[in-house]
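Before anything else, here is the set of structures, which you'll find just below.
In the two complexes that follow, subunit A is the common piece, with subunit B as its partner first and subunit C second.
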Partner chain A sequence: MAQVFGPWANTVAKLSIVLGVFFVAAALATLDTIHRSSYVRLTGVARPQPVAFSHKHHANMGIDCRYCHTTVEEEAFANIPPTSVCMTCHTMVWADSPALEPVIESYETGEPIKWKRVHDLPDHVYFDHSAHVNKGIGCATCHGRVDEMPLVWKEQPLFMKWCLECHREPEQFIRPREEVFNMAYESPKDQHELGEHLVEEYEVKTHNHRLMDCWICHR
Partner chain B sequence: MMRRACIRSFRLEGRASARPGHAEACPSSPFGDLHGPLQQVAKTGWVKLARSGVAIFVVLCALLTTTGCDLRQKMWDQPSYRTYQESEFFEDGSSARPLVEGTVARGFLREDDHYYRGKVDGEFAKELPEQIEVTRELLMRGKERYNIYCSVCHDPAGYGNGMVVQRGFAEPESFHIDRLRGMPDGYYYSVITDGFGRMPGYAYQIRPSDRWAIVAYIRTLQLSQYATLDDVPETVRDDL
Partner chain C sequence: MAKDAKFREEALGQVDDMLAPGQTFASIDRDITDLVLTKKAPKAWWVALFVSGILLGFLMLAITGLFFYGLGIWGINAPVGWGIAIVNMVWWIGIGHAGTLISAILFLFGQDWRVSINRFAEAMTIFAVSAAGLFPVLHLGRPWLVYWFFPYPNTLGMWPQFRSPLMWDVFAITAYVLTSAMFWYLGMIPDLAAMRDRAKLKIQKVLYGIHALGWRGSALHWHRYEVAYTLFAGLATPLVVSVHSIVALDFATSVIPGWHTTIFPPYFVAGAVFSGFAMVLTLLIPIRRVYRLEKFITLRHIDNMAKIMFANGLIVFYGYLNEVFFGWYSAHEFEMYMIWNRMTGPYAWSFWALIFCNGVVPQLLWLKRIRTHTIALFIISIIINIGMWLERFVIVVTSLHRDFLPSSWGMYMPTFWDWALYLGSIGFFAFALLLFIRWVPMISIFEVKEVNHKHNH
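And now, the complex of A and B:
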């Protein structure tokens, strides 16, 4: 039988190694890009919910975030309101709307509505809403303009890198406590100056700058 | 195992060709009759490298096709329950367990009728409970809480023309009518807690200390609507 591999095979073999390295790098880069893309992360994609609840509509009526998300200032988890809170108004307002049928059914039977989760941090990440809200981090900083979202979508992919940007330099993002729930707040021109002052006043970086410690989030 | 043994022996042969005829013992090997040229390549050690390179590439491709949840590790979705997480263990499918009826959490006995129900000897308390001290902070807290929870119907000034009322909810009475101005503090606390007419109770949303802060703020609103110029300190009258 004739030789299958001639002397050219040596060149091919060597070349394939160079190309192989290139392919591995390309595959890694592609994988990383896909992994971080909004396609996988679902950022900017409104999540369909069992009830077509519009944050935009309710927030524009002047209802504060805390009217429904009552625990956000005191607890790690910002609660979803029980249907009894919906029924505070909807016993009379839009009471006959078919869109409200699942809410009324839930109210009458006690069966919770199964909302689809929009923001889901990995279980190895500890996050405390109250700590952020009380130290001057606005809702919109992470959640975006929820008051302009009919159905809520994820504004940020919540990468660790992104969390660390603020943990490293909270001066860039901090705002006065009374502006935390103001969705339309825009940071002033002297943000850095104001930021430094607020970081000092709210004791954000005391105790040797613990914000950058691993255990702050991974506990 | 068989395959691995073949590959191993193939390598050995490539290096020293010390065991002629061994390849025939591995009928599954496609390289069975290619000792010559491959031997040379193997001498350089490239085959090993190339082979692992191909293996890595195949693994990466496999990962690529399964991007998403498969990249997650087990630490991502731990078996312990998170808030609102579904459970297959409990019949109602919820990991959150309802309290057994009559449960009193530590520190929540709430024996103080005045503070927790706004009543003294069965009557509405005429004054704020002793735990509540009227300060500027209390009023500011009351204002904040009022604007979150009450103003949607009662409007920011307390006349009862809030946004939700404008959208069709029953119009509440103004806080500035004589009947309500004459009501004791405990009455307001009780209505916030248990509701009144079409208004449901807000015990779930507003904790007792904040309810009293709101009562104090409603009193402030009532004063403000009947204030005269004499009530304004002389030093700030020019600002009006």
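And now, the complex of A and C:
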């Protein structure tokens, strides 16, 4: 019987090595890119909510974050306000607006509004708002300019490496406590010196810099 | 028939012969390639395939159950967090070591007799290590995240813990699988070309042809082949020692009495070679009989393998004695208790069965009559396989089940799912091996021809 393979087979063999490597590399790169993309992370994508509540509108009227997110300074969870908080103003203001119907209904029936969660950390992550807020980490550092978002979106992808960036070098991101709720705060030119000073003052890196221990977030 | 076989054994298999006399290049080619190309598979092969296929079903069942229900279906719980899954993993990895020792170390030492068994032993290595790899991955809890093992640019901002021997294991075992597979394949290329050239059917020609990678047997090909093969043998040699040393360090770097001991790495390596040769004998003795390979695998091979197995068995037994001695000599309360508990505690049966299987029974191998008696050797090799499994059971389970605080003591028994996975891994191993002997020449044709030329002419 004649040979099954001619000299062309050499070219095919060599090409298959190159293409094999290329396809594997391309497949891995594609998976990684998808994993990091805003398509999967939903960064910058406004999340539709049962009520078209605009943070931008409310914050620009001068309402403080803590008026609704009442527990942010004392507890892990920053609190989603009950509709009774909405009604403190909305019994007077815009009381017959159709946009407010679900809020009024919720208030009357006692059935809470089912808001869609925008920042959802995995269950194996322990996060405490009060610890961050009291140690000089501003709302906007993680949440972005919520006062400029009509419907809220995720500003950051919430990757673990993003958490660690700040846990490694908190002096890069820390601000004076009184500026925490200032959405427009910009870090000064001497952020590094100020940061080191604040980290010292707020005892952020005490206990042998335990911010970098696994259990600080994975309890 | 039986008489005929006995006659062949006596006539052909003189203990000093490396290969039976009277063979030519053509007869060797024909004898080995015909097994794959023209002859029908023997009945025993079909029976074995059927049985291993059923066991393979157990593997599917065990994995499906595990994914569906989670790790809770295994018998593991505090304080015994490592059950027979880890026992099986160490057992399988150990078995793999014989193949690499035969193919790499014996090659570098110029031991010509390896040529009749190296292909088969290496195949055994690859399938055994693959079976071993199943267990740590399935033990993860979330096996689909297994890629977290590897240091790749990830979104966690963290490397794996390079200071942990479990991490070294990942690299050692990955390197081992890759090197063994490439070494095995490289050594097969000239034979795949021979298969291509002798094939009658077009499909056989095409498939063997693709896998022969255009081998034409020119002087240049042979030169490059020799260089590459020697390099691979050099690369594989340290792996024989490193892989099981690192597996041993998984235990030895902990602070558990019964694990925290410096003797573990060398004694694990000896145990690995011991169990590996036992498995080669368990498999090769029946295959030699069924496929009438007495011409190639003579009693000299059997005797040599038994000797290596025995030598390593003695080292292992010495290790057991040392463990007991140093348990006492340490004068350390927990160490002494651990040894005493092993010998008299609730798992004493496993310890004494281990001493019987790995300490007492192998003493028969002092006798040449036993070492060249295939049936006796087959039975002994199976006992050693069991003994080596028990050894890991004793190490893993008896060390863990009595924690430092009596309030944390507990008992461990494997569940149905543990056993199903174990049986399944045996099915996987056997199934792969059966396909190997059906599709690929299980004895290295060109190396046998070379040795035949050297010694029988």
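Quick note on the criterion: the second predicted complex is superposed on the first by the 202 of 219 C-alpha atoms of A that agree within 3 Å, B and C clash if a C-alpha of one lies under 4 Å from a C-alpha of the other, contacts with A are read in each partner's own complex, and residues count from 1 in each chain.
Please note the rule applied: contacts are C-beta pairs under 8 Å (C-beta built on N, C-alpha and C of every residue); 3 or more make two chains touch, one makes a residue touch a chain.
Being a predicted model, the structure only gives us computed values, none of them experimental.
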item	value
Touching partner for A:122 - first (subunit B), second (subunit C), both, neither	first
Partner chain(s) touched by A:14 [first = subunit B, second = subunit C, both, neither]	first
Partner chain in contact with A:22 - subunit B first, subunit C second, else both or neither	neither
Partner contacting more residues of subunit A (subunit B vs subunit C)	B
Subunit B versus subunit C as contact partner of A:164, first or second or both or neither	second
Partner chain(s) touched by A:36 [first = subunit B, second = subunit C, both, neither]	second
Touching partner for A:82 - first (subunit B), second (subunit C), both, neither	first
First (subunit B), second (subunit C), both or neither touched by A:93	first
Set of subunit A residues, in rising order, touched by both subunit B and subunit C	1, 4-5, 9-10, 13, 35
Of subunit B, residues touching subunit A in the complex	33-34, 36-38, 40-41, 46-47, 49-50, 53-54, 56-57, 60-61, 63-64, 67-68, 71-72, 75-78, 80, 82-84, 94, 147-149, 151-152, 163-164, 167-170, 198, 200, 204-205
Parts of subunit C lying in touch with subunit A, wherever the complex brings them together	153-158, 196, 202, 205-206, 209, 213-214
Residues of subunit A touching subunit B in the complex	1, 3-5, 9-10, 13-14, 16-17, 20-21, 23-24, 27-28, 30-31, 34-35, 40, 61-64, 66-67, 70, 77, 79-80, 82, 84-85, 87-89, 91-94, 112, 122-124
Residue ranges of subunit A touching subunit C (in the complex, touch as defined)	1, 4-5, 9-10, 13, 32, 35-36, 157, 159-165
